[in-house]
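Letters A, B, C and D name the chains as they come in the text, with residue numbers starting at 1 for each one.
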Amino acid sequence: MNKITLLINCKDQSNIIATVTNFVAINGGNIIYLDQHVDTEQDIFFMRLESEFISSSFSTDKFKSSFKKEIAGKIEMKWRIYSSETKPRMALFISKYDHCLYDLLGRYNSGELNLEIPFIVSNHVDLKTIADNFNIPFYHIPVTKETKSEAEDKQLELLEKHNIDFIVLARYMQIVSSKLISKYPNKIINIHHSFLPAFVGAKPYHSAFKRGVKIIGATSHYVTEELDAGPIIEQDVAHVTHTYSIKDLIAKGRDLEKIVLANAVKLHANRKVMVYNNKTVIFS
Amino acid sequence: MNKITLLINCKDQSNIIATVTNFVAINGGNIIYLDQHVDTEQDIFFMRLESEFISSSFSTDKFKSSFKKEIAGKIEMKWRIYSSETKPRMALFISKYDHCLYDLLGRYNSGELNLEIPFIVSNHVDLKTIADNFNIPFYHIPVTKETKSEAEDKQLELLEKHNIDFIVLARYMQIVSSKLISKYPNKIINIHHSFLPAFVGAKPYHSAFKRGVKIIGATSHYVTEELDAGPIIEQDVAHVTHTYSIKDLIAKGRDLEKIVLANAVKLHANRKVMVYNNKTVIFS
Amino acid sequence: MNKITLLINCKDQSNIIATVTNFVAINGGNIIYLDQHVDTEQDIFFMRLESEFISSSFSTDKFKSSFKKEIAGKIEMKWRIYSSETKPRMALFISKYDHCLYDLLGRYNSGELNLEIPFIVSNHVDLKTIADNFNIPFYHIPVTKETKSEAEDKQLELLEKHNIDFIVLARYMQIVSSKLISKYPNKIINIHHSFLPAFVGAKPYHSAFKRGVKIIGATSHYVTEELDAGPIIEQDVAHVTHTYSIKDLIAKGRDLEKIVLANAVKLHANRKVMVYNNKTVIFS
Amino acid sequence: MNKITLLINCKDQSNIIATVTNFVAINGGNIIYLDQHVDTEQDIFFMRLESEFISSSFSTDKFKSSFKKEIAGKIEMKWRIYSSETKPRMALFISKYDHCLYDLLGRYNSGELNLEIPFIVSNHVDLKTIADNFNIPFYHIPVTKETKSEAEDKQLELLEKHNIDFIVLARYMQIVSSKLISKYPNKIINIHHSFLPAFVGAKPYHSAFKRGVKIIGATSHYVTEELDAGPIIEQDVAHVTHTYSIKDLIAKGRDLEKIVLANAVKLHANRKVMVYNNKTVIFS
């Protein structure tokens, strides 16, 4: 049995659901999931659909060609079709913090994540042992102000060589330049340790402490040119009190960061996220 | 412009989405919302669909007849079609607690609730002034062990006279008998002041205090013959500590109760709830 | 039996707890609650203490004098002593939104709030009926750009005449000037409809929608000269999705606003809040 | 500088705070934290106090003797005094699930946990590699119905040999007998994968699915003779919907389990938990 996931977005118009579901039915598919959304302000239609095909002669490539000709050729739309057989390939960028790394690798190891991790890259060697313990290739690419451009070239080379689909910055602590962003648009996932848009930039827990907030948060978002301003995928928060020191906020925040990042990674890897106008539609 | 909401559930089968969306398209409808769910264990398909019809000749009754003949006549299913012009009519059953009452009437007054409240009934007169202030007819029907059956007859008479669609027990504090339940199956909404299935029955905050839980909850559910065991519509919780007395738990709980009940009422009134096997599918 | 609440803050120093608790014991008090906090960065000590006095000769005024002489005269500190017999007097400032008003008055009516509400003031007459229903004097003081200063004079007159202790802006929708703020420092409670410091200023739900956040919030804080930047008393949040329109965000937000504001009012009225450096210590 | 933590509980009585804080002051201590609680129903007083001692001649043992003589000898109480220099020693009992194990060891490794882990014991060898990677001795003690008593003897031997202070069952999946419980009363921490007291016993996620709850939870508690009925230390919950399969509930639950267990471990290791009447007082 073959299974595909179809994502489309286009100008909102009559009969679009009927047209697409009919196409799937005619091609022998049984729809097992369908969700849709209309942004009524922008007049944009979004749909995510999963379908199973029993016929042994089914091929995802043929289905794609057919969809392109019969549907996408007639209605102007953005569309993607994924075979459930192909797992997305994720590169992990890390630095010195290990909590998100342990969390993601623990999940990866236990089969919770529907993806491949061909390698881990870091600007420091501190966490190499962890990568080794999980038997994942580790590349140390130091980054300084002077060598940043060169370092990103090395990163790009690795990414291309390993056919990477998306990048996860698991507390990478470096600002990624447009060189990488332009190659992986809405494909670089960051975890920011605040409830965005509050406390953009460095040291958000220090700012939260100073402002005396009663709740802290973490935000996972796609990286765009503007710092911490990309489309938000997932957020969560925790209540805190005046008794929390900055150190306490950081410790509490780590638990938020790892869970929020893991959820964002799962949503992306399962092709449940669509991006438009710097926002996300999450079909969960 | 006419707008209808269609809810169906049936044995899961191929092409059901395509069939129904096609039917809507052929009849001049533009689907503005569609959500579906398959219970893969029970092999049941659920769908909720909203559609707009521009044609001035459209009639909900004709559409219903046509749907019955063309779709429901061919595929065995449970189905309901509502016109958005018809607001559901809700009867409020209350006793002596006023927090859910104020909350619901405040929302009703400000236009937040898509429903009519033809009357309020209570076994006590304490809250009559509130009903008066909101200009809603108030009926006092005392209930004792001896007069319960007779009281329920009076309630039924009111319910039928006012064409009531569903009943909300806003901390009514009386057990409703099968006489009413059988006439309003999955149409009587209760708010229970615990996180069900924990603390079924009377005095759940006392039980929560005794057990030393760190979180309390509230649950809104449809009333069935078995006490506090009906299909759950909505639940929410709040963190508490050892410093909470029973009185504190009750005060904190009131906030949960009124918000959870209001959410359940909105979901039901907006026809977003489907019930099967003592569970709910919530298309929110 | 008399009961007092004592709040102090001073430079952190040795033996301060022992000194104060001893003083209370010597004066015949039995401490029923004590909480303290040290801001180790700023080196400030905070304490809140409740004590019961059985002796019929006890007088809060005498205790105050004695405390002033024996303790506050020897250790430089800020201190307040309240008798539990004296309920704080709260003025309600409202405009056109009724959800916070209904919520607060419902709680007031049922005895949940330990305070008096001598009057309600509004710049519009829309909600006068609600005040009437709850039998609370209602003053209509219109505010325009031109009449603002004059209007605030009228408000001040009312506040003084009624011996008001603190002011609650229950979605008052007007910026309060320094004329009022300087007379009621850390005694004007506002509810802002966002998770501060995100979305300061007007139309936060519109900004939240535009930014595509996955969580919205509400914040209750003391009013200071800088807009929405005063000490935070209470915050809460709710998860939202891409399906929420601005109208949906506003509706969901109303539930947060009323609960958060009510909690802040209770904390303040029960003398559980201390302010310093634009932050709060909440002894709950 | 020496630092001690003092925990006491006794019948509620006048002047107890003054008496104890005075004693600490006289002995050269500076109180840096004090929290207390009175269970007014049971008339029990609880206090937790942290104090620093600058004098180089201070000894925790001398202070204990003195406290025993001067305070505990005069007022009937339960009391414990810990030196902050002594880290509690924790034994980890595991089985086949790795998520709590990775989470705890990750925290341990990064210095977040104020404790020692002398060894890990498991009834299966599956997770030995993880223990090895973290350089913690791993003991495989198989448990069958027939060998259970013998296995517990081996466990007890290890526990005694390593001077273990408390045991954490990190999804150990075996019922611990009274043989262990009686030796470690309120010192065995379990994580149960439901919101207790709902869904006691095996397969709580299956029960939650069947009941159709809208929220799932996890509970960390001390192990007592009655299954899943011991004093609750920490609970947390997550919202779920009808779209969650049992597998989805289990995956979501894992995130709750590991965070809740880690929080409970931290509270216990930092001596912030007091137990009485099958409930906990948490001085956090």
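The definition used in the following text is that a contact is a pair of C-beta atoms (placed from the backbone, for glycine too) under 8 Å apart; a residue touches a chain by one contact, two chains touch by 3 or more.
All figures in this text were calculated on a predicted structure; none of them were measured in a lab.
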Labels of chains that are neighbours to chain C and to chain D: A, B
Selected pair, greater C-beta contact count between B-C and A-C: A-C
Separation of chain B from chain C, taking each centre as the mean of its C-alpha atoms, in whole Å: 36
Between chain A and chain C, centroid-to-centroid distance (C-alpha), Å: 42
Interface residues, chain D side, partner chain C - complex: 14-15, 17-18, 21-22, 24-25, 30-36, 38, 239
Of all residues in chain C, those that touch chain A in their complex: 37, 40, 195-199, 211-215, 217, 231-237, 241-243, 245, 278-282
For the chain A and chain D complex, residues of the former touching the latter: 98-99, 102-103, 106-107, 109-110, 112, 133, 251, 254-255, 259, 262, 284
